[in-house]
Amino acid sequence: MAKLKWGMIGGGEGSQIGPAHRLGALADGKFEFTAAALDHRAEIGRDYAQRLGIVKDRAYGDWQEMLAGEKSRTDRIDLVTVATPNATHFEITKSFLEAGFNVLCEKPMTMTVEEGEDIVRIAQASGKICAVNYCYSAYPMVRQARAMVQAGELGQPRLVVTNFAHGHHADATDADNPRLRWRYDPALAGVSGQFADCGIHALHMASFICDDDVTTLSADFVSTIPSRVLEDDAMVNFRMGRGTVGRLWTSSVAVGRQHGFDIQIFGETGGLRWASEQPNQLIYTPVGGRTQIIEKGEAGLCDDAMRLSRVPIAHPEGFPLAVANIYCDLADAINGEARDALPSATDGLRSMMAVHTAVKSTKANGAWMDARPPMFR
Amino acid sequence: MAKLKWGMIGGGEGSQIGPAHRLGALADGKFEFTAAALDHRAEIGRDYAQRLGIVKDRAYGDWQEMLAGEKSRTDRIDLVTVATPNATHFEITKSFLEAGFNVLCEKPMTMTVEEGEDIVRIAQASGKICAVNYCYSAYPMVRQARAMVQAGELGQPRLVVTNFAHGHHADATDADNPRLRWRYDPALAGVSGQFADCGIHALHMASFICDDDVTTLSADFVSTIPSRVLEDDAMVNFRMGRGTVGRLWTSSVAVGRQHGFDIQIFGETGGLRWASEQPNQLIYTPVGGRTQIIEKGEAGLCDDAMRLSRVPIAHPEGFPLAVANIYCDLADAINGEARDALPSATDGLRSMMAVHTAVKSTKANGAWMDARPPMFR
Amino acid sequence: MAKLKWGMIGGGEGSQIGPAHRLGALADGKFEFTAAALDHRAEIGRDYAQRLGIVKDRAYGDWQEMLAGEKSRTDRIDLVTVATPNATHFEITKSFLEAGFNVLCEKPMTMTVEEGEDIVRIAQASGKICAVNYCYSAYPMVRQARAMVQAGELGQPRLVVTNFAHGHHADATDADNPRLRWRYDPALAGVSGQFADCGIHALHMASFICDDDVTTLSADFVSTIPSRVLEDDAMVNFRMGRGTVGRLWTSSVAVGRQHGFDIQIFGETGGLRWASEQPNQLIYTPVGGRTQIIEKGEAGLCDDAMRLSRVPIAHPEGFPLAVANIYCDLADAINGEARDALPSATDGLRSMMAVHTAVKSTKANGAWMDARPPMFR
Amino acid sequence: MAKLKWGMIGGGEGSQIGPAHRLGALADGKFEFTAAALDHRAEIGRDYAQRLGIVKDRAYGDWQEMLAGEKSRTDRIDLVTVATPNATHFEITKSFLEAGFNVLCEKPMTMTVEEGEDIVRIAQASGKICAVNYCYSAYPMVRQARAMVQAGELGQPRLVVTNFAHGHHADATDADNPRLRWRYDPALAGVSGQFADCGIHALHMASFICDDDVTTLSADFVSTIPSRVLEDDAMVNFRMGRGTVGRLWTSSVAVGRQHGFDIQIFGETGGLRWASEQPNQLIYTPVGGRTQIIEKGEAGLCDDAMRLSRVPIAHPEGFPLAVANIYCDLADAINGEARDALPSATDGLRSMMAVHTAVKSTKANGAWMDARPPMFR
């Protein structure tokens, strides 16, 4: 199947989100990176795009130029990713949808509810895909959790409890650091800080796994660091359409938590637990039965969980990135940089010597033997 | 910087290792996939290579054809990955090294010590890179462990204890399954089963982190399933050049272990522990002090650990692959397959509604409020 | 020092709480069990008390008789434990305090706030001790947490998050079981179910560790099993005197949680975490530093943590009860019951043989040797 | 049932082992502490015994005096615990057995195999109980593991892997500390250091759970701290009577491990894992099935596991000792020492106020309310 053409707006050099999208988009060979407007500084963006392999006439200076350029082509991109500052998501997403492009928008999709309703209407009218990057819902074992709820394996969900807590904004002496400050400044971040940044991932996941929508809520937002206008800690109690009770805590001042995003779903006949820091396991307890550990890759998982697993059972899901690291080192070594940690032929030889020596030692009643390759004695 | 040209031998359609190498090689945009001989069935391999985007004249039928073809070009590949059955690694690696190519060979590099010594000599003579895919050594926190030992933070390592245990070959009723049987058959696997398959990863890591070589060993290999000729469980005691004592246990009949690969290093002034199933943390205890958790991405890690981390602190290392799953679903959806788990504009809207409602509820003393977007009431 | 005299009301044969109090009271040899009114059925209580070693004239038929009897003696008990049904705690505690006895009351101390204020006034007036069995606050590492907060090691606590969740009441088909039903029946349990049963342990611990009192709160109680009048799940947001924000979740329908009681305290300069299921560790993270594991028994802990540790570092705190199990089996064996799991002299011999054989094997280069005692070959 | 009479030799004031035995023996009210020879300094031992409540004529100056005294009585003790230095265990145990007493001996039971055979013969001839304090085998979930193996739930055990590693002797600068040095001095500790101290617990447990005896072994003992004559680290490979392969690692220089005693049993149809630091769970995986967590106290456990559990499911096994701590503080408070951490009537009142306020807040749509008791406003 021919590759799809992919473009990105934002995610310029040095951003965190750019590499994550490029790796994600290109990992499976389904997309090729065709067009980009990577930086609000036009020349810098054009140059970086070309260094990433984009041809010159699709290395755009801004999103308007990219919209015009791509609209005019017969081989226009199949998908555009919007990874710009939050306040610009609405306008860019709207414009590309209206021009007939599929869009993947970083969250939050918009700054207001009205804008959100606009996007929904435009997407429906256009018949194009408008996706939002709630990427945690794409972990195989999250899909499995949803499938189990949908199949009734928990009965009706009574209660969903989800936390997304980290401590990376806990240092008050660092609160004026521009990297952090904008997140708590209404002028830049809108009406909400931590809840809009992390909490909505948790809220989406509650809806996603329970396959139900939030209907009412009650909230307690606080700024534990006084200089902050927007909240750095929030508790939200909610209810969903079929009566499920929800509890959501999110914090950026939870010193010691790294990426404390987890969810528990408690139903009439069973409970589930998943945590982003151990994403390969789903913990399941039937009422009256023993807790079971469902492993990514085990036989009998739902189609989505199987389709989206990249490594077989017994390998941690992040494993392919360790292989990618070997290739990083190799590329550097080929380009002449010293990479002495790269496993070498000598390592391969020493392994073989160890294997053969171990076989001989076993046959000799466990006798100790020289395990150095002859050429290195 | 121009991309390097990469080729692969083996890893045909349906193999586990092919996708892992392609994702690894292509993840960072440093290589492009240029040439391949993917299958021992020439036509099938040529066809699959072209479907993966290889141009026709570099989609080879076998490795000999690929060697001849690439040797004759001026734009020859910069690196070839050898991912064929174990018994063929030696001949292919040797041939490509002698022809002046850089090689990444899957483990085990060879079947005998003599072959291993040949490869080492040829690699040294050729001046080319010959790497072996001991990819666990490329995890950021493994690099950090090595750097700490090299910097003397543990003092001299007294003891290294490493395990690589899984239970995926424990079912005796499945032992004749061809997928498993070859691993314990000397005609196909050589002199060793589980130790050569998994144990050598652990042995390499002991050497890698301690920055020292194994000198002597004593082994106890057993076949706990009687029909197996080669061992499915092994204990190896060893010593390294500077006197470090080693203990290595590996098993494929450890029912309930998924990927139980871990290592502990105990030195004069401190100890370290790393486990492949929680790869983002390195546990460090100074003698007389408290155990500390070193997190991937924290300030002050060694250069290698920083350079090879793909996501910032607070994100689990496998996170980019969840993003990749979003793109998988997007590609399918663009191609017309229903992918209803894909987060949509409606999800984006519901999030925004929740954010705004939560702000209002907080201001109203925690009052419960309708959280449904107006358009969905 | 002479032992103190201890009496108990309630905790009759078959109760869960009676053995826990007897073990607790007698474990350290500071109390002797002197008087009791163990059962609301007078004769059964008198008989059981005597079987537990109470002399006949202090084996009372009810608490009124016990109060009269003990008041009239010159060697009256030093402490009485009130372990009767909740609704009776107030009257008994009040009566004994007024008569000049020290009291340990099971929680909840009273059913109403007015009763509680009465008890506080009476205790103050009497000069006697009135303690409530919030026993989790007596774990050594909880005392350490409190001492660290008091010493300012976290700075001002900004946020305390505590959960007490279990799933033992999740089975709706078992909800009419009398063992459970009373807990959700206002006639027997008062105004609150799960919050009064478990939640108040968590709330006490928040106050205890932060050394501060709750000032305001907002609650969301729900009965997830419709037949229940009182809540089986509750969320309470609160504030404390010095501004600390509190979040407390408690549930009895959290299927899969066994004893999910934990607490996290996040302050200006550090965070702490403790969990009742791993009570020997306190997790501490200074802002900007690495997470550290504080171990029960390590050098430098606060006096309370040291004084209340029963075993040295490296032994789990429950270890003495494994020794107690050996003595249970011994008592049974002495009394003629077969207890074949009791480690025997043969076990002692086999160990010695293993030790000596292992020494010889090591000296013989790891040779395999017969490890059976000569008398058993 | 009348209490049994219990005596102890060794375990004098300040020892670690004395309090553990007293708590263990007295926890369940099956024994009373009747006689003792607690210290090799006769007067100090007699005095301490009397302070612990032993009557004067059974507070002995040494074990010989105790043996003579108890032999001459008609109400002689039913059980004697031998908790003296290791080298004296044999003589004392032998003497009491020969005189017709039941004995619980601390491990190691003897210093040589010949002595061990003597004890076995004497115990058999006497018909008396001679038990050795391998107390880890008395944890409820260890009994459960044994019952499952005996019932064939794992099939034939193929492999048992056990570790007992700690790091409390890793500091070479502390190696001459008398508290540690004797353990590695053959004159005081016999032929083995760490293996005889900790390893034999692990070896006993392997035999205990597999219900099988060690037949052959191969060992690798090392002294990683050069000044030590005896080993501080040991690996022992072994075989048991029915062919089970064993692997045992023990270490006292494993910096960062506190009480790393665990065991894994892998059989034809399932695997088990238990760890002393999480003693309330037994991890079970059937071949081809999901890992399950067996909880202490769940329905359907073996008789021994039920009989020896002191608290119901959902309470950690060490919980009664937290209650004991409350009583410790109470005794001190009654005796006039300030114990301000003791939960007070005020705490009881504040809880009741919180309960009532939370109920009102829930009814008022989650409104925030004053939660201070009226008397404290």
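Odds and ends about this structure:
Per-chain numbering from 1; labels A, B, C and D assigned in written order.
Operating definition for what follows: a residue touches a chain if its C-beta (ideal position, glycine included) is under 8 Å from a C-beta of that chain, and two chains touch if they have at least 3 such contacts.
Remember, it's a predicted structure, so these values are computed and weren't measured experimentally.
In terms of C-beta pairs in contact, the better-connected of the chain pairs C-D and B-D is C-D. Of all residue numbers that take part in the contact between chain A and chain C, over half occur on both sides, making this a same-residue interface. Between the Cα centres of chain C and chain D there is a gap of 20 Å. Per-chain Cα centroids separate chain B from chain D by 42 Å. For chain D, residues touching at least two other chains, in rising order: 218, 220, 237, 291, 295, 365-368. Of all residues in chain B, those touching chain C in their complex are 218, 237, 290-295, 298, 365-366. By the touch criterion stated above, chain B contacts chain D in their complex at residues 158-159, 161, 165, 167, 170-172, 218, 220, 222, 224-225, 233, 235, 237, 245, 247, 249, 251, 253-257, 264, 266-268, 270-273, 283-288, 291, 365-368.
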